[in-house]
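Here the chain labels run A, B, C and D in written order, and each chain numbers its own residues starting at 1.
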Amino acid sequence: MDSALIPEGVKRCPTWKFLLALAIAGAVLLWGVVAMLMVWFKGLNQTNMNDYYGFALWIWADLAFIALGGGAFFTGLLRYIFGIKELKNIINYAVLIGFICYSSALLILAIDIGQPLRGWFIFWHANVHSMLTEVAFCLSCYFAVLCIEYLPLVLENRQLDKVPFFHNLSHNMHETMAVFAATGAFLSFFHQGSLGGVAGVLFGRPFAFRTGINIWPWTFFLFTWSAAAYGPCFTLFITWLTEKITGKKLVKDNVVELLAKIAGWMIITYVVAKIIDTVYWATVTAPSLGFKWTFFYSDNPLYGKWILLTEIVLCGIVPGLLLIFGPTRRNPAARVIALLLGVLGVSLNRWVMVLQVMAVPVMSFDKWVLYYPSWQEVATTLLPVAYGVILILISYRYLPIFPQEPELNPIAPYTPANGAEATAGGQAGDESETEAVGQAAPAGA
Amino acid sequence: MKQEQTQHRPKRYGMVIDLDKCTGCGSCMVACMAENNVSFKKDESDKLLSITWMRVYKITNGKPFPDTDICYIPRPCQHCAGQHEGHSPCVSVCPATATDYSRETGIVSQIYTRCFGCRYCMAACPYHARYFNWWDPVWPDGMEKYLNPDVSPRMRGVVEKCSFCFQRYQAAKNKAYLEGRRELEEDEYQTACTQACPAGAIVFGDLNNPDHLVHKMVDPDLKHGGRPRNPEVFRLLERLGTNPKVYYKSGRQWVRKAGDNYLPGEKPGADMHKSHS
Amino acid sequence: MSSQEDKVKTLSETPADCQAGQGSGGGPFIVLFFIIGFVASLVVGWVIFPKVLYSQKSQPFDFNHRLHLEQVDDGCQSCHFFREDGSFAGVPKLEQCIDCHEDVQGESEDEAVFVEQYVAKEREVPWLIYSRQPNCVFFPHAAHIFGAKLECRTCHGDTGTSESLKPYEENRITGYSRDIWGRNIAGFKSNTWDRMKMDDCAQCHETAGIHDSSVQTGRDACFVCHK
Amino acid sequence: MKVDRRSFLSLLIGGAAGTALSPLPWKLTDDLSIWTQNWPWTPVPPRGESYYETTTCTLCPGGCGIKVRKIDQRCVKIEGADEHPVNKGGVCILGLSGLQLLYGPTRIRTPLKRVGKRGEGKWEPVSWDQALTRLADKLKEVRAQGAPEKAACLLDSSRGTVGHLFRRLMTVYGSPNFFTMPSVEDAYRAALKLTQGIEARVGFDLENADFVLSFGCGLLDGWGSPVRVFKANSTWKENHATVVQIEPRLSNTAAKADHWLAIKPGSEAELALAMANVIVGRNLYRSEFVDGFCENFQGLKRILALHTPEAAAAATGLAPEVVVKWAVEFARASRPVALYGRGQGRTAAGSLRQCMAVMLLNALVGAVNRAGGMWTVPDYDYIGWEEPELDEVARAGLERPRADGAGSGKYTPASSLVQRLLGSGAGQLPEVLMVARCNPLYSLPENGAVKDNFDKIPFVVSFSSFMDETAANADLVLPEHVYLERLEDVPVTAGLSCPVIGLCQPVTEPRWDTRSLGDVVIALARKIGDSAAAAFQWDDYEACLKETLEDKWDTLEERGFWYDAEFRPPAWEDGEGKFRLAGGKLDEVLQADEIVPAGDPAKFPLILVPYDSIRLAHDYIGDPPFMIKAVGDDVLKGKDVCVQINPATARKFAVSEGSIVQLITPVGKARVRVHLDEAVMPGVLYVPRGLGHTAYDAYLAGKGINVNALIGSLEDPASGFDAAWGIRAKLAKV
């Protein structure tokens, strides 16, 4: 019944399945909205945060979402600035994922502040020395860029495209996309970096504190680099997930492998930088403040040395090498494992840079403090995930996200033979699509 | 003429707490709460959710009975100057300029109506001197009568902290203006905790003023962030370079050592004051 | 979903209409509608909104400042005086008025209200204070009067010579007196006393040029005026 | 004109553009944020004129001068009065919280008559006249039966005009049963009587001492007049005086002392006597005092002979050399003083033997009536009322023995033994009990037995300002003003070396329909009529007070206190007096048995000792919200009180930090939370006093346990004082 909206040349699952998927994701979304409203109306006492954990799950979610959304700016940079043509086949999806991640981050920031109605003070009464100000400005600006990048895609909807104004607008926007991509890359450099700076400048927190260049601590650069390295991993991983759920090949292997290869090199270079940073921090910065580096991993198993090993080796060197090395990169299983490890690695890094910072005592007589989120925090963190799933469901159904899809999945004129085949394929895809709504949430989280 | 000259001599208000005199009685905590309209809840035993601008930490030397020893460390906001005057851990990170550092007094301010509750300053403060209003403050019926009009009660969702009882400075300045003065006498501006301390363990005044007792006790090296020259005086987390204006005095070595972090085998010494930038 | 469908239907059924509307018939109407929307919202924003935003309250009874000013020796400070601790007493309390107003003076109705309703019953007059600053503000009159030697008029305008009290307007959302934001809804002012917002304080402090104590803003430190 | 979707869109765009160009969205955004800055449910304290009024704090016996900051009519802050001789500007945590009591929700607002069952909380507000009539009728009824001794009254102390008015009422009424709550001052008073044969109180010239030997006194935990002792402690630090704290637990006092001698609980007397033995044995005593002004030194020597350092070592757990070392240091100091009084010294008088042993140490080093020593301070004598006329019934009643036996027989040294009145060994319970300024139902040990006995008393009247446990279980409540609302004299004892009378003056109008206790007594006497009325001829309490204080009144009114700064105890050289060291009752006291905690060691392998904390009020006043907020999470966590236990003991009994256990003693059991602490002696458990209230407000009630419900009382064989300092205990899994 919505066939008129579905792009030409592709096939989509029956409406009821689509609606069912929407309903499931919508239920999670609703749960999150209830929690969000509770937080807004009753205050942050709905969380398990406290005066030692002023930053907790939400800030981590912000940092992680933005790192994972980094695929958008980096792919854009590669596509429009470095002119890597092949990537046009995945850039739409990268933009969509970026859009979801950034809008989610903004929403969570709006929930995370004690006085939401004063949130605009960060712009109006900005303290330009604060990394958070930099984050807010660049994040908002870049989100605007993402909107501009996403808009032409929306306008490419079959029906919207019929409106000449929209058609022309979309076309013209495509023309100027390089400008936006450049702007986006520039802004991303600063907000990804300033998110790293958020922790790195805390000279009262030796676990987070890093030296650096001028006002920018090393984490500034590490965060930008890691977002560029791991963001595409997330884009590729979600693309793979989408392919699995729809049961269709959506992006050609050469495109995927190209981006994966670039990500691999980025990861490896990042890990090298990360190792240098960690060693310098552990041997110079921390000791100069009176801390042996092992102290930060000494109190409980959650914040043990396994974190360093996991971050650097398991989720750094391993996926980096898997993606650089041709045979493993071309092997879908190995590649997906690498991508997944990358996604986990960057999420873990962001977790550590927020929550472990809060856990470690600084005054010699203070205590380690651990924290677990309240259900309201979890629900509001899943809210954007559900929202992301919904936006992907809708966008995939009605917008030509994957330019290669019609080519890879031709809809042949009906014959009994291929008709049955197509239906079977479609059904298999549809089934997994409905099932996967539930799966997508934990995967995204 | 003299008045003209001294008019803009910046102050550096600070505090010295004699930990050997401090008895851990808690008067400073309550004096602060009473002076500054600090709210309270039915259960305040979770100290991670308990607003105490002045918090008295109890520390121990960790030795077994009967060699064990304890000491109390009252901890107000340390009013850090940072590596360069005003680069306090918290002031530098506040995105909305809700917390500020005054060159005239050296006091780190917190404006509750400006704060929008991002809590970045709390993450930045190694002393945990900043507190968030997780709940709306509620005074039992009738108790709101004792609230001090010189300090605005905070609303839910903002950060608060010790202000060195700045309202008392404002009041003292008012009187000085009326009397045609610009400068305050040492005893005209004292914090509520200093005034209340039954042991007289807290001394407050202008570290820049050699006549003030704080200056005499600390003998601050003002060229190096106010580092104490008196060997019995120390600051909390000196090595972080926060340059606090709250000093502690103790004759006990283990207490002084507890004020900072040291590598295994490292001994507290003068050259520990390393700048990291 | 249904609106989506609707759209699909309209768009797909009448492509000709679309074209036509775009090209000829729709044009002027579109502009007209734009103008209607534009003008209407301007009227709402500039005229109706301020009327709705502020509630009008009248004072308990009228007061003639000019008349009183003529009777006293020490100008404004005769009634609006400083206490010994340097704090400013603000609006006078009943006990200051009572010396003269034990009995009804003159024939004004307001005087009668005052004496009968308040003096006789020993009730304080619940004046609505135009220049009331919010609770977060510490405004030291002493610093401005004795330190900076400002005149009352600089901030309070000609209140001292007024012969009657204007209605008190209260912002329904914030509870502030209208005089804080100023009469002009857009926030423009032509006299120093037209507004009493933080910006006005800051502007004057900047003009005075002696204050730069805030590390963050390079202006006056926040605690100079806040509590 | 066809209004299609596009026109509508155009209208919207025009509207949006117009709105953006109008002040509406911007002003609204701004105003909404301003709204959050002025939420109507966040109180805004009214501004006004700021000024101070001075008065005297009566929340503890310390007698500090305070000034109350007021804004117009509101009291907003309590601060220490700088000029006051007791506290010199300092103020303690309880004093600072006073306004929460004044304005708090636990105030009783009007006289109340019980309508439900006792303690059920059902009350009927009655007028003062009705309430007083009811009480007077009850008293007359008892008197009419010819048994006026069946009426008893219980006060915090007998000091001051109010204490004396009550006492006078009981006298004309004909009851000898006037009780005061126990205090370490009772023991000192008894010891003075035995050694010097005088009725006086003991003061300490702490500030001038250079060696302080404290036998478990919580000098920094609220002992004596707390702020004064804090200040003295700072003086000691400045003057490099030596402070030695003898106590099994590293209390705040022990932590701040120069030396901490951790002895086994209850062995203080053994240690003191052994030290005396050393001092005598090594001829370190001040012969000019001992030989000059003491009697029966030989007798003392004989008694001390048994108390060798070795014997003390066995009792205390210290090495004999340590005993000798500190005895020698103490004796060699130039102005040493030894102090007695466990914890705050306000829950029980304790063992007279121990008090005497400590006093003997002072005598041996000549620290009696000398700078830096223990002073004999005469009782306040400004109450010079004429003796009342007694009628027949009264004379007969007064002849009858006190219900607690105090002042006669083996209880001769004591003047009031509340535990014998209300505790498990109680004999005759009164028919009518009037309770003022104390909360026996909470603060007496053997809480369970006290409560049972209380229930048996037919008519209980409380004069409390607050709905405390006793008031909650009374039949009639006649609420008095809180201290900030009343006028009263406050003669301070609390170990002060010089006499100080503070004036408690109203700094605010009474908040509720309450009355001054003095006025209540006078009105009550009038209602009783006859000789009672005749004995209370004052117009009102204020008139009585002014008349009584006569020459001191002007000073009191002007300065807020009267202070005899020049006071010095009489020099021995000038008088006839002698200090008896031994003989007669003294021998009996010194040779009395050691107090051993109740319970079978086999069944109860541990010992539970209550401790006092300055942050926990445990007398008549319960912790106000500010104070309970200042209590550490190693003392109270959620609703659970922490029992302090040495880690070694915890290992032995397989309990760990934070675990919830049953604390069981021979008299009761309670749920507690384990807190491992190296600051306590292995084998000893510590629980703070001041928690476990069932009354008061939600900020205090239901938190932790009342340790008085777990400990019993032990009668001191030499005096009848309650001398229990602990009880045997065990831990069990919940």
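Note that a residue touches a chain if its C-beta (ideal position, glycine included) is under 8 Å from a C-beta of that chain, and two chains touch if they have at least 3 such contacts.
From a predicted model like this one, the values you see are computed outputs, not experimental measurements.
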Statement: Min distance from chain CA centroid to global CA centroid: chain B
Task: Between B-C and A-B, name the chain pair that shares the greater number of C-beta pairs in contact.
output: A-B
Query: If you average the CA atoms of subunit B and of subunit C, how far apart do the two points sit, in angstrom?
result: 37
- line: Distance between the CA centroids of subunit A and subunit B (whole Å) is 41
- prompt: When the centre of a chain is set as the mean of its C-alpha atoms, what distance in Å lies between subunit C and subunit D?
  reply: 55
Query: Where the CA atoms of subunit B average out and where those of subunit D average out, how many Å apart are those spots?
result: 33
Subunit A, residues touching no fewer than two other chains: 115, 118, 121, 127, 129
Query: Taking each residue of subunit C in turn, which ones touch at least two of the other chains?
result: 85, 87, 134-136, 216
- request: Return the residues of subunit D touching two or more other chains; collapse runs of consecutive numbers into ranges.
  value: 32, 35-37, 44, 47, 50
Subunit D-touching residues of subunit B, taken from the complex the two chains share: 18, 20-21, 23-27, 29-31, 33-35, 37, 40, 42-47, 50, 52, 56, 58, 60, 62-66, 68-72, 112-113, 136-137, 139-149, 152-157, 171, 192, 195-201
Query: Where on subunit B does subunit A make contact in their complex?
result: 46, 48-51, 57, 59, 73, 89, 92-98, 114-120, 122-128, 130-136, 155-159, 236-237, 239-242, 257-264, 266, 272, 274, 276-277
- request: Going by the contact rule at the top, pick out the subunit A residues touching subunit B in the complex.
  value: 43-45, 49-55, 112-116, 118-119, 121-122, 125-127, 129-133, 136, 198, 201-206, 209, 211, 285, 287-292, 357-358, 362-366, 369
- line: subunit B contacts subunit C in the complex at 8, 10, 85-87, 91, 94, 97, 100-105, 107, 109, 111-114, 150-153, 163, 166-167, 170-171, 173-180, 182
Subunit D-touching residues of subunit C, taken from the complex the two chains share: 10, 21, 25-26, 29-31, 33-42, 44-46, 49-50, 53, 83, 85, 87, 89-90, 134-136, 171, 173-176, 181, 185-187
